Amino acid sequence: MTSSDVLDTSFNIQLIQSGKILLSDIDQILKILKKQAKKYKYTPCIGRSHGIHAEPITFGLKLASFYEEFKRNKKRLINAIDEISTCSISGAVGTFANINPNVEKHVAKKLDLKVEPISTQVIPRDRHAFYFSVLGIIAGSVERVAIEIRHLQRTEIYELQEYFSKNQKGSSAMPHKKNPILSENLTGLARMVRSAVIPSLENIALWHERDISHSSVERNIGPDANITLDFALIRLGNILDKMIVYPKKMIENLNLTKGLIFSQEIMLELTKSGLSREQSYKMVQNYAKKCFTKNLNLFNVISSDKFIMKKISPKKLKTIFNYSSHFKNVDLIFKRVF
Amino acid sequence: MTSSDVLDTSFNIQLIQSGKILLSDIDQILKILKKQAKKYKYTPCIGRSHGIHAEPITFGLKLASFYEEFKRNKKRLINAIDEISTCSISGAVGTFANINPNVEKHVAKKLDLKVEPISTQVIPRDRHAFYFSVLGIIAGSVERVAIEIRHLQRTEIYELQEYFSKNQKGSSAMPHKKNPILSENLTGLARMVRSAVIPSLENIALWHERDISHSSVERNIGPDANITLDFALIRLGNILDKMIVYPKKMIENLNLTKGLIFSQEIMLELTKSGLSREQSYKMVQNYAKKCFTKNLNLFNVISSDKFIMKKISPKKLKTIFNYSSHFKNVDLIFKRVF
Amino acid sequence: MTSSDVLDTSFNIQLIQSGKILLSDIDQILKILKKQAKKYKYTPCIGRSHGIHAEPITFGLKLASFYEEFKRNKKRLINAIDEISTCSISGAVGTFANINPNVEKHVAKKLDLKVEPISTQVIPRDRHAFYFSVLGIIAGSVERVAIEIRHLQRTEIYELQEYFSKNQKGSSAMPHKKNPILSENLTGLARMVRSAVIPSLENIALWHERDISHSSVERNIGPDANITLDFALIRLGNILDKMIVYPKKMIENLNLTKGLIFSQEIMLELTKSGLSREQSYKMVQNYAKKCFTKNLNLFNVISSDKFIMKKISPKKLKTIFNYSSHFKNVDLIFKRVF
Amino acid sequence: MTSSDVLDTSFNIQLIQSGKILLSDIDQILKILKKQAKKYKYTPCIGRSHGIHAEPITFGLKLASFYEEFKRNKKRLINAIDEISTCSISGAVGTFANINPNVEKHVAKKLDLKVEPISTQVIPRDRHAFYFSVLGIIAGSVERVAIEIRHLQRTEIYELQEYFSKNQKGSSAMPHKKNPILSENLTGLARMVRSAVIPSLENIALWHERDISHSSVERNIGPDANITLDFALIRLGNILDKMIVYPKKMIENLNLTKGLIFSQEIMLELTKSGLSREQSYKMVQNYAKKCFTKNLNLFNVISSDKFIMKKISPKKLKTIFNYSSHFKNVDLIFKRVF
């Protein structure tokens, strides 16, 4: 048994153990996200594309989307751990010249690993590249949630706030200032975990039956990427668990554009009544512009247009301007996810 | 149905089609590697670690190791294609506010896709990051083979040569000079495919229910990474198919160190005869140094040491210096792989 | 003269020409930024750290900060062009074995290049890595401006809007929706230009007197990174030139926290009057919390505290709540920059 | 003075101090390279392109090429240190609202820094991105030298060997086996330093007047990239200082192709005698192929061709097959470099 055999298999075991810790971190996040998604299942807020108000959504849907993403990450991480769950005890160049293949078999079984079908002096490094790539993807998901929180905590939006411990001082200058520093920290940490991916890919092309260039890389990214992601996942779990949500502010923001977000549905309703899409679009567009420029309420403006009110009943109009109609399929989506 | 729904699903379909082309490229490589591995199953050559001669191996084993790696890549690519085989037709922010979820179901079925359980305005980008990460890993494997070929074609090693077409001129200055330019080209292309991974990971954290920053990235890496890898895989297949192997030179290189590569086994044999490991190591080390410095043949030197020859029979010694003993498990390894 | 000599020098010439185009793009941006910075020199808006309101700033200061950054980028790009402005005509391995060094000198002079002091078969690739690194940094600056614009155009903030051409339709569903798609596009393009940096760094370590692995990389990133950045810079110039600024909305946002942003200065003023920092902080913090929770105006609340009003004169208090006091050094900063 | 002002300026000071250590490391490498280049100025060895023998070179030229590259790196690093040698004490959003700009001036002078012309809450991060990019380039140069050493120490080449301390054991199995593990280690470390570049570029686009996402990145790459590169440079210096060079083996390798490397010059000489380039090429090519296939010496073969010997005098032929003619410009190149 060469020292490479021992060191290489034990590196895999260390990675597997790290991977399992990350798995339990993700399980914890899933638990928290599920709890919070259900709590805010029907809490209305504005959905935004391009940072611009689009249509109503619920805060629970946002969380459910994160939940589903972490479910995918869990599956990927299980695959990644499986990829590196191999054992190689095959001698200096992988030929079993001076060691019986049964030793490998025996050790693999004892360590709950699979036998590496064919190795050089080391276990092939595409396996490890896969593992670190998956960490990079998980880091991307962490960043996605962190960015959402940072956006929602902006002064102008303020729909949500990171937990702020009793003893924690705010800005030394402005006592009321509560910065989403935990999520900002996660954004940076995501960059760090991501930065381990390229070196792990560069490690694949070792010379002949191995060169040892991968080793100094792995001594760095092995502990660093795993520990950083572990820290990030735990921190993310805490943020999601303890975040302070402001549903009232969410409603306020929803109403910020005074009904403009419902313009699409009015247009669709007019189309149903027999108008061409062009006509309907033009009509609604003009009102939308007017409301926007003069800061008027679209409901009021539409209500006073006799032509339109012949096409759309007052009851129907009320329904349109009620965002609960947007949530008729929330339950269906939740059933798909949870 | 919003234009995002259509564009986003059709991007996935394009990626899937690209992925399937890459899959068939890999199948072709697997076929060639299998053929060549079997052809060279027992062609002896030196195994090298750190670029230094270690122990005998067969050229077929090298190829079998590549085969197994591409088998893994095939599995990863199938998973990656599966990851992006989803369809989302869920409206402006994913709520199905103005579209019946059955439309999504229907279209998904028609297109042989799965329904995206929960989408925003777009299909979540961790899926695509996974796809491009897998391309990066495959590129790493391409580079590994390319580097091996470049090494083996070095003037001093010359165990192998890239195919050189009849009409192809060598260096304009030196007519005999045949450079492994195809494999060098692959080394560079691997860098390019790899460079798509980080942007794809950066694409995950879109703002709220989507921002469109991922789009300009995907319009680049979508075609570029796929086409580059397709080109690289086909080129690699051709190189492996048409390479000219020099088994005689492989034997010459094997014998370059005049038996020093068998020093380990003599030491082990001495240990079996009752000597301590330290004693055996010391004894063999001295002879090894002597041979190396004076350019002697280790077999001759050992044969003339009476003490050792009492411990090791002449027949046994011959066996030790015969590399075929190193190949007793080649068949076992081939059975594991093929 | 070998073909490598010719090809390599002509690649440098191509890069230099690309670099000069980028330089003129940056000059254009500088011109626009200068114009706009002066126009909005004293246009008040809120300064934000962590996405949270901090202290007043002017919109001109934001632009001046970008201006200074692009001035640095210009200097870096000039250095980068200088780095690759060399010519090497030194034969197959750089020894001038079959060519007179005066040829190199002559050609260099004709092409307005410096002689490469020592070359292998090629010009050393650390020079090109420097060039592409600088493109990566410039892309980062493009992203910084783009992100600022995307933030300022958010529905809740709306201090600014990308130019929207007469014929350009907004969202097909919501006629009023104007998305910052140009800046989002730039964010993605920045990722692309950045992705060229690592391959260019990997190109440095060529084997011996050259291997050709760098070539396939450069055939990609040579045109792609330059053209992408050229496109991005021109687009950025247009955005900055034609952006629609809403100073009224900037003031509205400034007043959003009803004077809380001036809490630091009240605290400092109290300290000057003899109170300890702890006392002052505590006092102001309590009022700040009260205002924030009950949506009160800090000026009114402070004005009615007799204890404080003994320490701070009414006139002084008014000055504090007037952001123009924050702008007393704007001119100094402008003088430093322009 | 805000805590950001203090922390941010002190981060720069730390980077500057690290940078200065790296500068002295580079100075040490330059000293060693100069010494060794002069020592081996006329030590002949084969120049290789594509890993294939090309034309003679001297080992000193290889070292001079590294010397020139590190000279460039020194200049880049000085620029990078200069880029981050700024001080910003400008308040919460960079307006000097509550602090006199003279404080900044005063502190800057005391700390031997320049005043940052315009800052937000922090010093702009394009400066730091430049610094880390330069570290990435230097790492690329380290890798270039390390790869050269690894190649030259290969069993088949063996022109050079890393220093091997008295107490250092070789491979536990093969006592003569001396692996270039230090240079392999450097290859991996280069990947690590390079991996800091992208995060530093991602740090540029902070939100508004700063977000703190850059901080967790810098707390990692600040110490890690600097310390890793410091370690790598010192190790590289030691390798270059203590390497064992085998000039005899270099000559052996030079002669490996039995004069084929001089085929270009024979062809050129024939051209001078009046033959067309096509004719000359064809003629030499045929002989080259013959020599290569039958393992003959090109000099002998050419000498016995009467037609050629009428065109080239025996004395001239001898000169052609003498590599010293290749070194006629070595001194010129050395004068350019040193």
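Order of writing sets the chain letters: A, B, C and D. Residues in each chain are counted from 1.
One rule holds for everything that comes next: a contact is a pair of C-beta atoms (placed from the backbone, for glycine too) under 8 Å apart; a residue touches a chain by one contact, two chains touch by 3 or more.
Everything numeric in this text was worked out from a predicted model, so none of it was measured.
Chemist: Farthest chain from chain A, going by the mean of C-alpha atoms per chain?
Modeler: D
Chemist: State the pair with the higher C-beta contact count; candidates are B-C and C-D.
Modeler: Contact tally favours C-D.
Chemist: Starting from the mean Cα coordinates of chain C and chain D, work out the distance between those two points in Å.
Modeler: The mean C-alpha positions of chain C and chain D differ by 32 Å.
Chemist: How big is the gap, in whole Å, between where the Cα atoms of chain B centre and where those of chain C centre?
Modeler: One centre to the other, that is 41 Å.
Chemist: In chain B, which residues are in touch with two or more of the other chains?
Modeler: Within chain B, the residues that touch at least two other chains are 48-51, 54, 92, 150-151, 173, 179, 181, 184, 194, 198, 202-203, 207, 211-212, 264.
Chemist: Which positions of chain C touch chain D when the two form their complex?
Modeler: Chain C residues touching chain D: 4, 47-51, 54-57, 61, 64-65, 68-69, 72-73, 76, 79, 83, 91-98, 101, 115, 117-121, 124-127, 129-130, 133-134, 136-137, 139-141, 143-144, 146-148, 151, 190, 194, 197-198, 201-212, 264-265, 268, 325-330, 332-333, 336-337.
Chemist: Taking the touch rule as given, give the residues of chain A at its contact with chain C in the complex, in rising order.
Modeler: These residues of chain A touch chain C: 46, 48-54, 150-151, 153-157, 172-181, 184, 198, 202, 253, 256-257, 260-261, 263-264, 267, 281, 284-285, 288-289, 291-292.
Chemist: Quick one: in the complex, what on chain A touches chain D?
Modeler: My answer: residues 2-3, 92, 150, 172-173, 179, 181, 184-185, 187-189, 191-192, 194-196, 198-199, 202-203, 207, 211-217, 220-221, 224, 228.
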